[in-house]
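Each of the next two complexes has subunit A plus one more chain, namely subunit B in the first and subunit C in the second.
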Partner chain A sequence: MTVPALEADALGKRFGRRSWALRDCSFRLPAGRVCAVVGPNGAGKSTLLALAAGLLAPTEGTVRVLGAHPAAARSRVGFVDQDKPLYPQLTVAETLRMGADLNPGHWDADTARRVVAGGDLDPDRRIRALSGGQRTRVALALALGKRPELLLLDEPMADLDPLARHELMGLLMGEAAAHGTTVVMSSHVVAELEDSCDHLLLVGGGKIRLSGDIDDLLAAHTRVTAPAGADLAAHEVVESRTTGRQLSAVIRPSGPLPDDWRTTTPSLEDLVLSYLRNPAAPALTPAPETLEAAV
Partner chain B sequence: MVDYRIDRRSGVATYVQIVQQTKQAIRLGLLVPGDKLPTAREVVEATAVNPNTVLKAYRELEREGLVEARRGLGTFVRRSLGAAPADSPLRAELEDWAARARESGLEREDVAALFTAVLETHYPEQAAHPAPAHTPQGDPS
Partner chain C sequence: MTAALTTPAAPAARTAGVPRQWRWLVRLHRPALIGGGTLVLLTAAALVWLGGPLTDASAAAWKAYNACGFTPRCSYDQESILLYKDVYNWTTIAVLAVPFLVAAWAGGALVGRETESGTARLAWTQGVSPARWLASRLVAPAVLTVAVTGLLAALHHWAWAAGRDRIDTATSWHDMDTFHANGTIPMGLALAGLAAGALAGLLLRRAMAALAAAAATVGVLWAAVHTAVPYLWPSVTRVSGLAEGPLGRGLLVSEGVLTPGGRAEAPCVSSSMHSCRDTLADMGATAFYRDAHPASHYWPLQLVATGILLAVAGLLTYAAFRVLRRTTGTARG
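Take a look at the complex of A and B:
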């Protein structure tokens, strides 16, 4: 509860001379959360995860992982890259043996075997002969077998069919329940994360647009339907559209709203989409000081 | 044992669905006092929902006095709900009645409408409550 799983302060990464993949990112992810990193393609999700995994060095700012420098935390962190890099010439069984050799003293062979077994994988098959989904399974088995405190997954479910997706998500949730593992997973499909995640990082245009516990973020926003021309100036407006005589908006209310406005709490997908449609909407990321107080 | 089924499109919060389905199982006598609820791990592995969602549901059930958490052992049912276990004489009468309704040619919707109308006459205040998204057994429709 005390040391955050992930903490970024003015974090930025530039590729080449002037193309910033991420800039001025500050957030804090408390330990034990299941965090969704959401954003459109090219938003900076993969860069953020690679920085956290210690595979990239920041151009500016800092990122701390389990209270340490990413390189120093590496043995406590599991990372599954989007491309699931594995040795194609090894068999499934050999790959797991390699996992055991690389993680002496904290290799959980049972978990690794269970993840692989769920996919009806022949241990003697070579990695190169596996389908994309089967390869994901092996990569997850390697990452979970390491018994990490923090699991970083970049688009983990992208090449899985719905059944395998549900099953592997269940397995991840089981690990989180049993060991308090912090899980961070990126996706551009919000709906598939809604039930599994309790924390959100919304990345867009290289910035953090939203960060916080999902329940808090939803509670901070209201979808309002009001007569056209209603004055929203007192509130933070994420999105507002007028159709005929009616105005529909997503706002962060800064006080009580008039009685004749209809209000509902947006769904997570609704909220994320309203931010993505409106790149100029003010970001909501709790200031580090308030975070300090909340932990 | 209770097998939770989460319906994401029901509009009912996931933890509320777990609370409702647990109560339904207790009401039907599928869970009786002393029975152990599945562990959070078992529930999340089967449903892929967030562990905190399950814990929130169990806390709510505990707050209502229906279950109790015993440290290191699990969560156990404390008391029963209602007076209509799955094998009660009332159920047998209802079975009888449903069989007669079917013999007399009533369609499924006719029976449901009739039952709901009678239910609302005798339990007017319950009518406004949302029904559970799924019952833990049988056809939810």
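Take a look at the complex of A and C:
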């Protein structure tokens, strides 16, 4: 059995006295996955990633990264902050040289240069003169250059145009596949992640709502259309809505469904939205045992 | 330029060492280093000018002035006297301003700007642990601060001593600005300011707020030292007759009259005036007294004050590391 890339146990983070950004989060992410952390703005995605990167200390619970305390795993983890902070007074080339200097022994200059080169960036240009997309590229180059085993990306593609997004995502996935890197990236745009990710972590209201392999999660849910008044009580209901004489619902069936119900598999976006619309819907976070068995 | 991007072959170290970070610290703060260095060099040059040619010219002018006596027409070089005074005052201000500048820079640029923009987090995820990051940002600037304040205060002391007995209006050793600028207090203040800037930057995470807080801290510390200095070493008491008034030169601590009931505030300064004699007689005063520090107490006073400031700097540094450890939970290693 391999060590999970990311593992949280009753993890919680409070800012100030009473506002919990994240509370009672438990999940396990197997190594080698590409995981989407999805949720509305302010759901706690950034807090979760910062906790994993060792930038914040948890208020309660624990988080382990590659089997170690986040502080001990620092050199094996890459992180790109939402705001893509970089030193504005340095040039692109200087920024990469700094990356080489600060990551002695595990810096991959070729990868870093390749990421930057794709953006048609003048290495002598200062960071402050770059566009948002170009900054993202340099920030990604720094994160990938250190050849991380786990890459944490907070809204990495937010300020990229569709073309650059597609190209960078391709590059990212290529690097991840080539080195077996586990990637965790957050976004509030589900469609952005659907093609590249195989694992989902849905965060809402500071809690983990869904966690698991995307295919498994989709298979566990069914969108049903049934006559109004149909009894859903036997199943876990995520969302149900009655329009006229028809009932439409997303459920986790706990047994065979009546033949007169029309059933379809929901799309990922469909599933995510139905959970976000219904904060009271029961969370689905497979117990660690089942997850391990699936690895 | 790009050729230098090749991987350095240093597989041993897992995290970046402090010296390696200093190179980037210097690069990141190059404008501040050039600006600050220029100011320091200008002040040092002005002090050398002050202690050499300006002191000579001013002393010569005073000699000529004093030789005039009551001659109705007499010429002396008034310009030199005024220039000496101006340059002395401005260089003293410059030396005393260094702790404020260090604090403002530490709060605003060194730490505050990094915590505000998030580049600190960038560094912490680029193989530099938060504790090492903070250490690299405190050690090299502290060494530089000690060197700069030491150099400027030494030059100031030298320039002041050069004119001490030759220029009639030269300030005495216990004139407050001169007292501070001649010794080690600016060094202590500047180091406390550096630590205060780091702590403010970590706590406030706003460059301008940290800048203001750090400079204000130095102001408060200076006011505190200024008030406390006379009491940091046992003073010398001199008792003098009622006709003489309180006597004794140096840094004044307190003065008054001695009565059978103990020390009391002096109602007036000499019994040679009738009204004063009567008042003193009514009080039963036997003598005047004055507590003061002679010039030989200069270094003990300076060193005790500096020691206290260094202790404050140490506490602020400890607090900064504690704050960092509490936020990131990872200061060890």
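The rule is simple: the second predicted complex is superposed on the first by the 287 of 295 C-alpha atoms of A that agree within 3 Å, B and C clash if a C-alpha of one lies under 4 Å from a C-alpha of the other, contacts with A are read in each partner's own complex, and residues count from 1 in each chain.
FYI, a contact is a pair of C-beta atoms (placed from the backbone, for glycine too) under 8 Å apart; a residue touches a chain by one contact, two chains touch by 3 or more.
Every value quoted in this text rests on a predicted model; they were computed, and no experiment measured them.
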Overlay on subunit A: subunit C relative to subunit B, clash or fit: fit
First (subunit B), second (subunit C), both or neither touched by A:Trp20: neither
Centroid geometry (CA): angle subunit B/subunit A/subunit C, rounded to a multiple of 10 degrees: 140
Residue contacts on subunit A - larger count, subunit B or subunit C: C
Touching partner for A:Ala177 - first (subunit B), second (subunit C), both, neither: first
Partner chain in contact with A:Pro104 - subunit B first, subunit C second, else both or neither: second
First (subunit B), second (subunit C), both or neither touched by A:Tyr275: neither
Touched partner set for A:Asp124, first subunit B, second subunit C, both or neither: second
Subunit B versus subunit C - smallest C-alpha distance in the overlay, whole Å: 24
On subunit A, positions contacted by subunit B and by subunit C: none
Contact footprint of subunit C on subunit A as seen in their complex: 50, 53-58, 69-72, 74-75, 77-79, 81, 83, 85-87, 89-90, 93-94, 96-109, 112-113, 123-124, 139, 142-143, 146
Residues of subunit C that touch subunit A when the two form their complex: 1-2, 4-8, 10-17, 20-21, 23-24, 27-28, 31, 117-119, 121-129, 326-330, 332-333
For the subunit B and subunit A complex, residues of the former touching the latter: 6, 8, 14, 39-41, 44-54
Residues on subunit A engaged by subunit B in the complex (per definition of touch): 34, 166-167, 169-171, 173-174, 176-178, 191, 194-198
